[in-house]
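Pasting the structures here.
Here come two complexes built around subunit A, the first alongside subunit B, the second alongside subunit C.
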Partner chain A sequence: MHNKQRLIFGYIALIPAIIVFCVFIVYPVINTFYLSFCNYRTQTIRQGPQWIGFANYAQMFSDDKMWTALKFTVLFTLISVVLESVLGMLCALIMNRQGKTRALVCAMILIPWCIPTVVSGLMWNYIFAESYGVLNYLLQLTGLTSGAVRWLTDSNYAFLSILISDVWKTVPYMSLLMLSALKTVDASFLEAAQIDGANKVQSFFKISMPCMKPIIIVAVMFRTIQSFRIYDLIRVLTNGGPQGKTTSLTIYTITQYTTYGNMGYGAALAVLTFIISMIIAVCFQDGVKSKLEV
Partner chain B sequence: MQAVHSKPKSTVVKNIGLGVFTVLFVLMIVAPFLWLLLAAFKTGKELYSMPVQILPSGFNFQNFADAFKMQPLASYIVNSLIVAILSTVLIIIIASLVSFALARTQIKGKRLVLLMLLSISLLPPVTILNPIYLMMSNLKMMNTTYGLALVLVAIELPTAAWYLMSFFQTIPDALEESAMIDGANVVTIFCRILMPLVAPGVFTVSIMTFIAVWNNYLFASVLNPSKKARTVTVALTMYAGETTTPWNTIAAAAIVSCVPLVIMVLICQKRIVSGMVDGAVKG
Partner chain C sequence: MKRFLSILLCLMMVLSFASVVHADDKTTITFYCNPSKNGGVEAAVAAFEAANPNIHVEIVEFSSDTNQKKTTLSSIFQAQDDSADVFMMDCTWPDEFISAGWLLPLDGLYTEEELAEFIPGIMDICFDSNGTMYAIPEYLNAGVLVYRKDLLEKYNYEPAKTWEELIEQCKVIQEGEAKEGKPLSGFTSAWLEYEGLTCCAFEFMWDYGAKFAADGKCTLDSAEAQQGLAIMRRMVEEGVTDAGIRGYKWADSQAIFNAGSAIYMRDWPSAYKNAINPEKSSVSDSVGVTVLPSGTAGSFTTNGGWYIAVNAFTSHAEEAKTFAKFICGYEGQVAYSSKSGDLPTRPATYNDPAFEGTMTAQLYDIALTTTSRPSSAYYSEISAEIYTNAALVADGTKTPEQATADMTANIQAILDR
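And then the complex of A and B:
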């Protein structure tokens, strides 16, 4: 009797979430797929979308700017995720040995995590400023560079600037997740390995890593997905420049929507972003699986 | 013998190493933010002086006054507050219900619901951006706080549900069973017994959700572009003019926009850290 009542309530409890999901996720995704096969422009919005088949996709694959944006986004994702995971793990390993100071470090870690990406972007923009920025000042003061580095306007440095800002915002949080992963490692395994003569590097890779793998995979999966959709940070740091060298896929898609009013072509780009995100998820199968268990 | 002698020496080296790391790590995290804070008190002259002037000449609050004068920052803060509170309340209600169903009932199709949550968080926001924009303008919900809040409910729901689920799972079954024997129905059990027990978790998740919604830029900039409905994060990007960038005013506005978050986080840091850790360990 009670069990039946409980089951019914269980199903009813899902209804609000399912409604929200259908209205704000499922319908928009289907609509984007549909619009990607249409000619649909802000300028002629009254005519509605007109079916044009694969024309938007054909345009997309021959669009040099799309390839530039795709290359930038993939490269940025790969470098930032690897760098942030390794740095996060290194910080976590050291934090794991800290005593009283760990609480302080944990508190500080939350600052980059909680402030808006827009604020951290503006902050770094001010630090990277060419003539009056503090970074160039320090670099010249210490003699590391002779002239002012054009952090945001030189295409070689703009990538680095975005990477530095992203690392500042993400590594602290990543190290917290890695620290929680380290906590799941059974100390008795490590002792046993030590007795058997394993050194620290060996026991880290042979014992700690396999224990932490489930948590690390999920953390890295979400980081990869988020890194691939980078938008806010670039918007306030370089706005995609110089000469479109730091235009991410999301920035490029939104430029199509806003500057050109080309909603059909923008939808095709959005579908591309969607498909690549799903491919990333498939690459992290184990992470996906662990999220599908209660 | 040798081992006994070498041990204290290496711990001293280790402690120094740890100390140096701690100082460097904290400095790297705090210094950029501190630099922004200092800029908020600098006059225009101090801001661009060469060699760089590190400290402002005093607590100069002119920049804060300018920040509120150049744009109606106060009303943008109110907008952000309404959106964040509305979203957080809705998310907590919906996510609590979902987490209850997943963690404490034997319903079928749990994997499907989990797949739904996972697919929301894997979905790039740009994929749904334009249809949501079109939908909101058709429904006359553009430039409204509740419209933006509803969209962000969908976006931030999975994270909240995952965290809450780990809290629901920690409650022992015995508590519920005894209430059931006393004749309480499932709704009463949910509201009167389970929710108070997960209240600490709800508190932590509320703060994390509030921060996520407050910080949103993409949807806020697309759905609420009008001057009346703008949120703080969007306003921050609009202080820069065509030719000049008043960094001290921007810094002041940025500090105003995130000081509430920083204070909130520092007060509740233990709960947030343990909440994050539990969420990660739960998977």
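And then the complex of A and C:
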């Protein structure tokens, strides 16, 4: 009896959370799916959404701007996640060492992650600014470049600028996750390997890495999905320019949805982002499972 | 005991929500407005509250990016939320907002005689096709050319009358100053890919005789428009523009000018107000202002005016209308514009003692001749075509011919919807 009461209380206690979940997650998601099949624009909002089937999705395939955004987003995600994972692991290895430097590195490394993205974006804006930016000033002072580099208004450099600021900001996050992974490696394994004559590099790749794999995969999965939805940093740094070359899928979605008022098409783009994120998650999930079963 | 505590907690939660309702009898309305320039908005609101002690106005400032402002408002209106009772509206938004049903009709707020007190050329935007009024012009904005008096005097120049002249002057002054070890840019403005660039690009194209559309057909694919865009390219190519101009919004461009690093700046009157303010500018003693240079067809300036509208979903319609009428009234406009430097929309105010000897009085003629950007419910998309293509020309990535052909094709597709 007592158990049953506990169970009922448990369900009752869940109700607020379920309500919040339904109102803020389930309803918007279903509504977005519905709108993605509709012609729904602010300009004709009074007529309400009109069902047009897959027309928005068909439009997506012939939309050059969507392809540019998708290409940018995929490329950016790939490069940034690889860089952040590798650098994150290096930082984690430093933090994992016992010694005087450890506390200092731990404290320093966390600073970028503690700064809100928009603020760090604005900061990088000042660094990258063409005629009064710190970076160009230093480059010209040292004679590395003769003229000002257009960090934010040349499409190749703009990509690089966003990459640099994103890596700077996110390496701490990755290194913390990697550090927690390193802590799970049983010291006796490493000791055994050392006795058997393995050097540090060997024991890292043969012992530590395989032990850490499940955690690393989860960390990389989170980061990949996050990176795929990059918005705030780009908003502040380039706002998707020049010529839409740094427009991520989310930036493009929001431009269509709110700036142009094309809510049906915007919803379809949001669904695309959602589906791709799901695919990424499922792929990694399989990876996690197979590794755990070994 | 536990049960009692949990009931108490629940009660506290409910009560804390209830306490949000104000105890006093003042009505609070919220006013979404542009970032305040020299306290203009505060001055107008203070004057209103003094005249209407039972209404309190809460000021909420937009971001400085026009598209961002619109995004903020659209999210509020799509939720049919009443949080923004009264708001400032860019002159390019009314079509879209009216067709979305987001604006409260202002019928009966003004008599015919009262309407005639505004500058006539800017009133058409306020009405829908049935003649229902939805917006009131609060201030005008005309593009102006701000320049460094000291530098022009040093090289014996009058402020440039044409763009060609501006380019020539800049080159000579830049070269001369560089020899003295004081390199500076010739011209600065907001050429980032956003609305600011659309305004500038339109002015260049209009200056050389281009027209946006005739009978529903976009007519920008013309030699005139190409000539206008070509001037922008020339200014970049010949090193007249500031190196960072393609990344500037108005505030960035002003920072360059106010630091004394540019000879000319195309901006709005409020920028001149900042440039002569010793607290904000290091060249405050030597700044002049004049009309924008001409092309072959004359000197055109974009109407960057802002209008006041009332949220259709407001729960304080009467108070909101009273406020809207006040802030666009004589007293409200004088209070606002004498601080902000923006141009009032009532000709009568220009003779007010508050403006005596100011630039506002000087700019009266320009104010009367501003040209509106095309009016369309799909304006944002049209503007994106203009600024993207103009930026590509300035960059040298596209020729003016390619750019006008591309923008015309894309704009036509939008107009045909």
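Keep in mind that, in the parts below, the second predicted complex is superposed on the first by the 280 of 294 C-alpha atoms of A that agree within 3 Å, B and C clash if a C-alpha of one lies under 4 Å from a C-alpha of the other, contacts with A are read in each partner's own complex, and residues count from 1 in each chain.
Throughout what follows, a contact is a pair of C-beta atoms (placed from the backbone, for glycine too) under 8 Å apart; a residue touches a chain by one contact, two chains touch by 3 or more.
Because the structure is a prediction, the values reported are computed rather than measured.
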Practice item. Overlay done on subunit A, so just call it for subunit B and subunit C: clash or fit. Key: clash
**Study point:** Which of subunit B and subunit C A:132 touches, first, second, both or neither
**Key:** both
Check your understanding: Between subunit B (first) and subunit C (second), which, if any, makes contact with A:24: first, second, both or neither?
Key -> first
Review point. Counting only touches as set out at the top, which of subunit B and subunit C does A:260 meet: first, second, both, neither?
Key: second
Review point. Regarding the shared-chain residue A:44, is it in contact with subunit B (first), subunit C (second), both, or neither?
Key: second
Check your understanding: Now for A:228: first (subunit B), second (subunit C), both, or neither, which partner does it touch?
Key -> first
Exercise for review: Look at A:244 in the shared chain and tell me whether it touches subunit B only, subunit C only, both, or neither; answer first, second, both or neither.
Suggested key: second
Review point. In the superposed arrangement, which partner chain does A:153 touch: subunit B (first), subunit C (second), both, or neither?
Key: second
Check your understanding: Who touches more of subunit A, subunit B or subunit C?
Key -> B
**Study point:** Offending stretch of subunit C which, after superposing on A, collides with subunit B (from 77-85, 365-373 or 383-391)
**Key:** 77-85
Study note, to complete from the structure: Residues on subunit A touched by both subunit B and subunit C 129, 131-132, 254, 263
Review point. Across the complex, what residues on subunit C touch subunit A?
Key: 65, 67, 70-71, 74-75, 78, 96, 99-101, 185, 192-194, 242-244, 246-247, 252, 255-256, 259, 261, 377-378, 380-381, 384, 388, 391-392, 395, 397
Review point. Contact residues on subunit A for subunit C in the complex?
Key: 42-46, 129-132, 147-148, 150, 152-153, 239, 241-244, 254, 258-261, 263
Revision key, fill the gap. Residue set of subunit A touching subunit B in the complex reads 2-3, 5-7, 9-11, 13-14, 16-18, 20-21, 23-25, 27-29, 31-32, 35, 91, 94, 97-98, 101, 103-120, 122-124, 126-127, 129, 131-132, 134, 137, 141, 168, 172-173, 176-177, 179-181, 183-184, 214-215, 218-219, 222, 225, 228-229, 231-232, 235-236, 249-250, 253-254, 257, 263, 266-267, 269-271, 273-274, 277-278, 281, 288, 290-294
Review point. For subunit B, which residues count as touching subunit A in their complex?
Key: 14, 18-19, 21-22, 25-26, 28-30, 32-33, 35-36, 39, 47-48, 50-52, 93-95, 97-98, 100-103, 105-107, 110-111, 113-132, 134-135, 150-151, 153-155, 157, 161-162, 165, 180, 185-187, 190, 211, 214-215, 217-218, 222, 232-233, 236-237, 247, 250-251, 254, 257-258, 261-262, 264-266, 269-270, 272-273, 276-277, 280-281, 283
